[in-house]
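Note that the chains take the letters A, B, C and D in the order they are written out, and that residue 1 is the start of every chain.
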Amino acid sequence: MSELVEGPGLLDRALRRVTAMWRDVAGGEPVADFAEQMRACLAGKGGEVSARGRAAGLAQAYLGLDAEGRSAFLRTLAAFDSDMEAARAACAQVAEAATPVDRAVAKARLRRTLEPPRLRLLTQFTGIPDGMKFLVDLRGELLTLTKGDAMLQALEADLRGLLASWFDLGFLELRRVDWSSPANLLEKLVGYEAVHRIRGWRDLKNRLDSDRRCYAFFHPRMPDEPLIFVEVALVRGMADSVQRLLDEKAPVQNPNEADTAIFYSINNCQRGLDGISFGNFLIKRVVTLLSAEFRNLKTFATLSPMPGFRGWLEEKLAAGDAVLLSEEEAVPIRLALGEPAPAGEAPVAALARALERRGWARQEALAKLVEPILIRAAARYLLAESSGRGKRLRDPVGHFHLSNGARVERLNWRGDTSEKGYREAYALMVNYQYDPAKIEEYHEDYAGEGKRAAAAPIRKLAKGFL
Amino acid sequence: MSELVEGPGLLDRALRRVTAMWRDVAGGEPVADFAEQMRACLAGKGGEVSARGRAAGLAQAYLGLDAEGRSAFLRTLAAFDSDMEAARAACAQVAEAATPVDRAVAKARLRRTLEPPRLRLLTQFTGIPDGMKFLVDLRGELLTLTKGDAMLQALEADLRGLLASWFDLGFLELRRVDWSSPANLLEKLVGYEAVHRIRGWRDLKNRLDSDRRCYAFFHPRMPDEPLIFVEVALVRGMADSVQRLLDEKAPVQNPNEADTAIFYSINNCQRGLDGISFGNFLIKRVVTLLSAEFRNLKTFATLSPMPGFRGWLEEKLAAGDAVLLSEEEAVPIRLALGEPAPAGEAPVAALARALERRGWARQEALAKLVEPILIRAAARYLLAESSGRGKRLRDPVGHFHLSNGARVERLNWRGDTSEKGYREAYALMVNYQYDPAKIEEYHEDYAGEGKRAAAAPIRKLAKGFL
Amino acid sequence: MSELVEGPGLLDRALRRVTAMWRDVAGGEPVADFAEQMRACLAGKGGEVSARGRAAGLAQAYLGLDAEGRSAFLRTLAAFDSDMEAARAACAQVAEAATPVDRAVAKARLRRTLEPPRLRLLTQFTGIPDGMKFLVDLRGELLTLTKGDAMLQALEADLRGLLASWFDLGFLELRRVDWSSPANLLEKLVGYEAVHRIRGWRDLKNRLDSDRRCYAFFHPRMPDEPLIFVEVALVRGMADSVQRLLDEKAPVQNPNEADTAIFYSINNCQRGLDGISFGNFLIKRVVTLLSAEFRNLKTFATLSPMPGFRGWLEEKLAAGDAVLLSEEEAVPIRLALGEPAPAGEAPVAALARALERRGWARQEALAKLVEPILIRAAARYLLAESSGRGKRLRDPVGHFHLSNGARVERLNWRGDTSEKGYREAYALMVNYQYDPAKIEEYHEDYAGEGKRAAAAPIRKLAKGFL
Amino acid sequence: MSELVEGPGLLDRALRRVTAMWRDVAGGEPVADFAEQMRACLAGKGGEVSARGRAAGLAQAYLGLDAEGRSAFLRTLAAFDSDMEAARAACAQVAEAATPVDRAVAKARLRRTLEPPRLRLLTQFTGIPDGMKFLVDLRGELLTLTKGDAMLQALEADLRGLLASWFDLGFLELRRVDWSSPANLLEKLVGYEAVHRIRGWRDLKNRLDSDRRCYAFFHPRMPDEPLIFVEVALVRGMADSVQRLLDEKAPVQNPNEADTAIFYSINNCQRGLDGISFGNFLIKRVVTLLSAEFRNLKTFATLSPMPGFRGWLEEKLAAGDAVLLSEEEAVPIRLALGEPAPAGEAPVAALARALERRGWARQEALAKLVEPILIRAAARYLLAESSGRGKRLRDPVGHFHLSNGARVERLNWRGDTSEKGYREAYALMVNYQYDPAKIEEYHEDYAGEGKRAAAAPIRKLAKGFL
């Protein structure tokens, strides 16, 4: 597969090629003074159409720059800020406004005064071919540069605002992707899939078979670039193992007999659209579509990773968290480990030793003992642990689904037995269930008081921590 | 034809129908308290997807309201302004910021503080079917209501900002319209054509024949609605009469032999996009397209009305402007009128009498005498007269083309002999020429010092006034 | 409207234009010797691709000919027949073949021997642009020339065979036509509608409204030319008046509430496809489509003219057919006529006089008396009268629908009150009903024994004649 | 790759699946008596539409049969032949016809009489979904069964006739295939490529890069199935090595700088269209297209295998053909072989020994000596050797290109160093050049007197044999 995935340097090379072409056109002359060019764009010299042409030249010049040059370019652009004196004067008018209407008018004027010229420049880039992709990628680069640089942060915030407006949910197009989709689009999916890596065209074709569905959002100005996509399996009963779902040798099911739709992978594709959220909307649109197409579908759920679980548990183990397991539970584990336990070892240390043991998961006797302890810890992790920010669920995937109105439905032992599955969560996976009748209520509960919805068995496992 | 053009009440009726449907769905309950609904939309209760559903409900409720109800609705919406206290505090931070970077950061924060919540509400309307058309029409209505209402003006300005961003030139799609276009689109053109009314399908078909071209801009989210369109005739030599251009019985020319493209009608279609300008861009895109398709084209020009000429001339006549014609010119006119002239009549009064005479234009002897005087006056009107606003050309069509970089090329006697042609400009029409090599220069001259480009003969006619 | 319908000379003019162009290309040289050109095409001189080019030249030459020239051309073409000697020899082999297999082989060889070279030439015309339309129109012309010319008949039969193969039902594309269809296609429908003339674009738009459906068959190689189309109204209850159906001022109905689909016009568009039947297939495809889209539809029926009724009745009247009405029925008619009846007038003569009376139909008292007599006669006409060819229904429209498996359902007084309606059938119209469950049975009954299906009341009216 | 290429059993499996579905629908009942079903189809019982339904049932039944069942089915079908008695009578009428016109009419009647009913049945299969593909595949199977079976041969000939008519050049659609084509289409190309096997998606993508072109013909009724496709490389100078052309690591060339288009692979995709030729037409269409797109292209040529060369040469070597090389040429070869030559060895035996030596081609000294001898032999093979059938070039690829109007341009040592390349032609490849100005002449020369066009150096090498 690796030969097909486009390496990180590809965009760069494409850009260099475009620039080479542009240099040919322009006669080899580099754009000497970016600030002056930008000023000319803003002045609209020669009319708006000419300004657009000039903006295209700037964009192409940018693409031809190396990292340092780009950084300088962006700082130059960021410096086109609103006028300070005008802002002060408009602020004064707000302060002096006597009536509510006067205040409203003064505020509106102040807001206009504060509009930085760089905003207009960014907008002018839309006119170039693939201009929207250019701006999305520009923000992608900005996000890697802003750290500690307040001016670049301001530029990035402006660009984010523009993109949020242009990529509003109302403008997105939902398209199904299947084996009759263009090969270059499928190749992009291969590159963008980050949850469960696609190992080749055979794996890909299997994920697009008749008992599978894949949907993606597109923007009318970036028609060949998926923004986000979701992979769904139509199955009977709740799926508990991603390896079974992705088994290319498994027989194709009749999708009309499926009672459950499993959302097993959802991927954002554009770094430059970070923070502009489509996932929630995508899941609900797809639930609606699938409900209409397959009348037997009763259950909509995910099969999701729990990327922060192992990190959290290792913290707890290191801290000797006594609640993780009891002395009674530790005894058989020590036996199964077959090593003399250190004198006076705390129960939790036995668990730590077990999990450090190479290949513990394949050692069936040991794994059997560890399973209920990990499941219980995972329930606690999802229902009781919060990230620094208040009541927010510590696991990012869990937070995403609960804030969308899903509930924790089930924990699956050996749900993902890949190396990544063990590395992140000792191979555990979660089913989050979307019950159309409950989505609003669960969303409100979580968004408001931080209340986390979960099926009764999960709730019971985490009882002591709620 | 009149049966095909959709009357002014049509949108209204369509909206009422939609609302009736919505009322059925919602169980007959009107949306009682708009303010509360809007607050719920903004709070995002039940998640973003639910908020969109609520916005759709609001939109449909709006469509079901009568004029008064709509006005109340819009005022309620306008009241969702930014917070005054927060604005004051953020203003203070700007004032206190010590370094340039601090100032930039404080200004950015202030700008965010000033973003009125109603903006977010407007954006949420994009999610409904035909949401973009809804917002464009909403602004169309707002523009009729804002007079003297500062809050509605602020709302209108916000909406204008959103639409300007979404309808940026970079997002427009240029499409050719011809006789194989959908009938419902052609029917819309018939309704939107305001320069030279389309008298029926036969007239329309004639305008879409093989020696004609029609291009329109569309927006990806309003695919069935033209934003602006231009009608072009491919001819030999500069066209001097719109009646000849629109003659259905004239033989079809071979467009490959044409040396001149005449832009004889350009129409904005969406009232709600007033002030968001596409015409300049459209003309230049079409010039580029036609140049590529027809290698023999040398000249690109308009055949344009001069809508303010008669009004201006009548002012001058009433004021007894002596410069309009000399005593020598008046003598034969008096003779041709065949009436005894009032004693001591000023020369200009003879002209006034001639133009008041019913059917003067068909009285060949009289018309011959009046022709050079009107042509000279028109040259002066275009090159020397300004509107209140400084150096701006008084005629709006003239201002549009000169600010796009065209020049006044020729004046055409009996260019438009329709009732409208006489009413606006004594049947005179203007050719404005677009010379690709000069567009930037002319634009700069006019935009800068207000210098107006014109062909030498026109310039000569207006010499005394420059 | 008339300005839009393309007159009979249009194709001709188009062809002349094409030929003019071709003459330019070919340097003004007419194709002197068609026979030689045809021989070269058949010899494949220069390879198949060159042969195709030569065929295109021949086609264009043909288009440039006048009527006489075309006739000569076609006779030349028809003369490329199979070889007589070879045919004789192959016949002999058939005669001599001893075993069944030998006979089969000999017959196959004979058939190949009999393939006339002109067939290959006709096939080569497919390669030119619009070649399929060329061949269809060629047959259209041939049909007007074959009378009494056995060679042209043979050519026509060959072409018919080719077209029947290429226009097999399996290759047709069904497309819905509506108000968003291309104007040039709609214009063609206006030209091709022969049952109920379309009076203009307003009439046309009314026929494409949301409570109407229009479907047409197309061929992939003639994508802009409809082959046949049907117009359907979705109504409540069986329609009894075409004027009510076509009333532009009638309110639009909700098609989802319709229980009946009325096929009120079906038109073949291509003269050159005469005898290659699509109507039966079109009706059944549309019944299937509409059943799936509108669940409330229960009844599928036509509202059809009876083009031969008046002619037949006038024959009967002239012959003094005594069965048409009784003396008792004649008495009040004579009274209503208000004229003294000729002495000893036969009852049938009273009817004849009534129908000859100008404006009898608007004379309500008279019309009331005539109505049951005409209805009864029409029932007899449909159920008991045959054309020369055995058991075949005399009325061609009736024959078409009964052979498709429909039944005579109802007769409608004043069903078509247009001048044409009176001229053809004293304004009577017929509903033929398609009952999916009975179509096969009715078809078999009619195709086999000539049994005609009809609703009980109709059957009762015609009782004496069955 | 092997995982992607669909194995030979796939169609079969698909068919079985369809049949299973059909059996479900039909309630498990197999179509018992095919002959009866066929008779019902022909009788048109229940109307044409019902007949089509019955034909679909037959088609699906066929798909469910095993090899023996299919063979029986086809024999049953073949038996629906024309009537012998009627044929005899019509033959007699031909014999008796006195005038030319009578003879023509009688022949036409005879031809109609000879039309076997099975033809009509075959046509009815077009109405089923994918009916065209069904018929093409049916012929594909027939071709494997006809050997020695005259009835099946007759059926096959009928089907061939139908397909030749439906797949006439005039109906084909040329489409470009590139990396944005549907993945399922690309997957088919991988399966159909037989000249230079596609080793995987990376190889495929390389063949669709910006300096490559791939075109295929499609039929409107088989839109997802390529009929034939050609792969072209745009290069500078005549290509001499297929390995270099297919090298994935070679840099992409700028196609606008290319002066030569190399057709390096052309593949027929449908076994069932054997003998219905598209290749000639495809090459010429592509030459036209490329000429228009790339103005710098001067040369159009192939890089072709010579599949019969080695077989022919081995025959000559075995026969001790003394002309292949002289004693002077044999001496250094014997030395290079490093073995004592058998006493009195003929020169040609030295060559035989060299070519039998394992790895001779990598033994540079030896290869150098062998090269001119093989090249000379190849020139003779192409220009002087004929197949059994008269003047026809012995090599099938050479025959194909020369009959299309190409000429032998160059022979390439180590043109295809794959195992297949050595096996077929000791790694030699040929460039056949298509010179648009000469195509007709060369075609005529070859088709007429069998004259073979070749570049002067090739001609010189073969001089002794011409």
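Definition applied: a residue touches a chain if its C-beta (ideal position, glycine included) is under 8 Å from a C-beta of that chain, and two chains touch if they have at least 3 such contacts.
Predicted model only: the values in this text are computed from it and were never measured.
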(request) Could you pull out the chain whose C-alpha mean position is farthest off from that of subunit A? (result) C
(message) As a quick test, compute the distance in whole Å between the mean CA positions of subunit A and subunit B.
(response) 44
(request) Provide the C-alpha centroid distance between subunit A and subunit C, rounded to the nearest whole angstrom. (result) 62
(request) Give, as an integer number of Å, the spacing between the C-alpha centres of subunit C and subunit B. (result) 51
(request) State which pairs of chains touch, listing all of them. (result) A-B, A-D, B-C, C-D
(request) Sort out for me which residues of subunit C touch subunit B in the complex. (result) 3-4, 179-187, 201-202, 205, 224
(request) Note which residues of subunit D are touching subunit C in the complex, please. (result) 44-50, 52, 81-82, 84, 87-88, 91, 94-95, 101-105, 107-108, 110-112, 114-116, 123, 125-128, 131-132, 150-151, 153-154, 157-158, 162, 165-166, 168-171, 220-221, 277, 280-281, 284, 403-405, 439-440, 443-444, 447
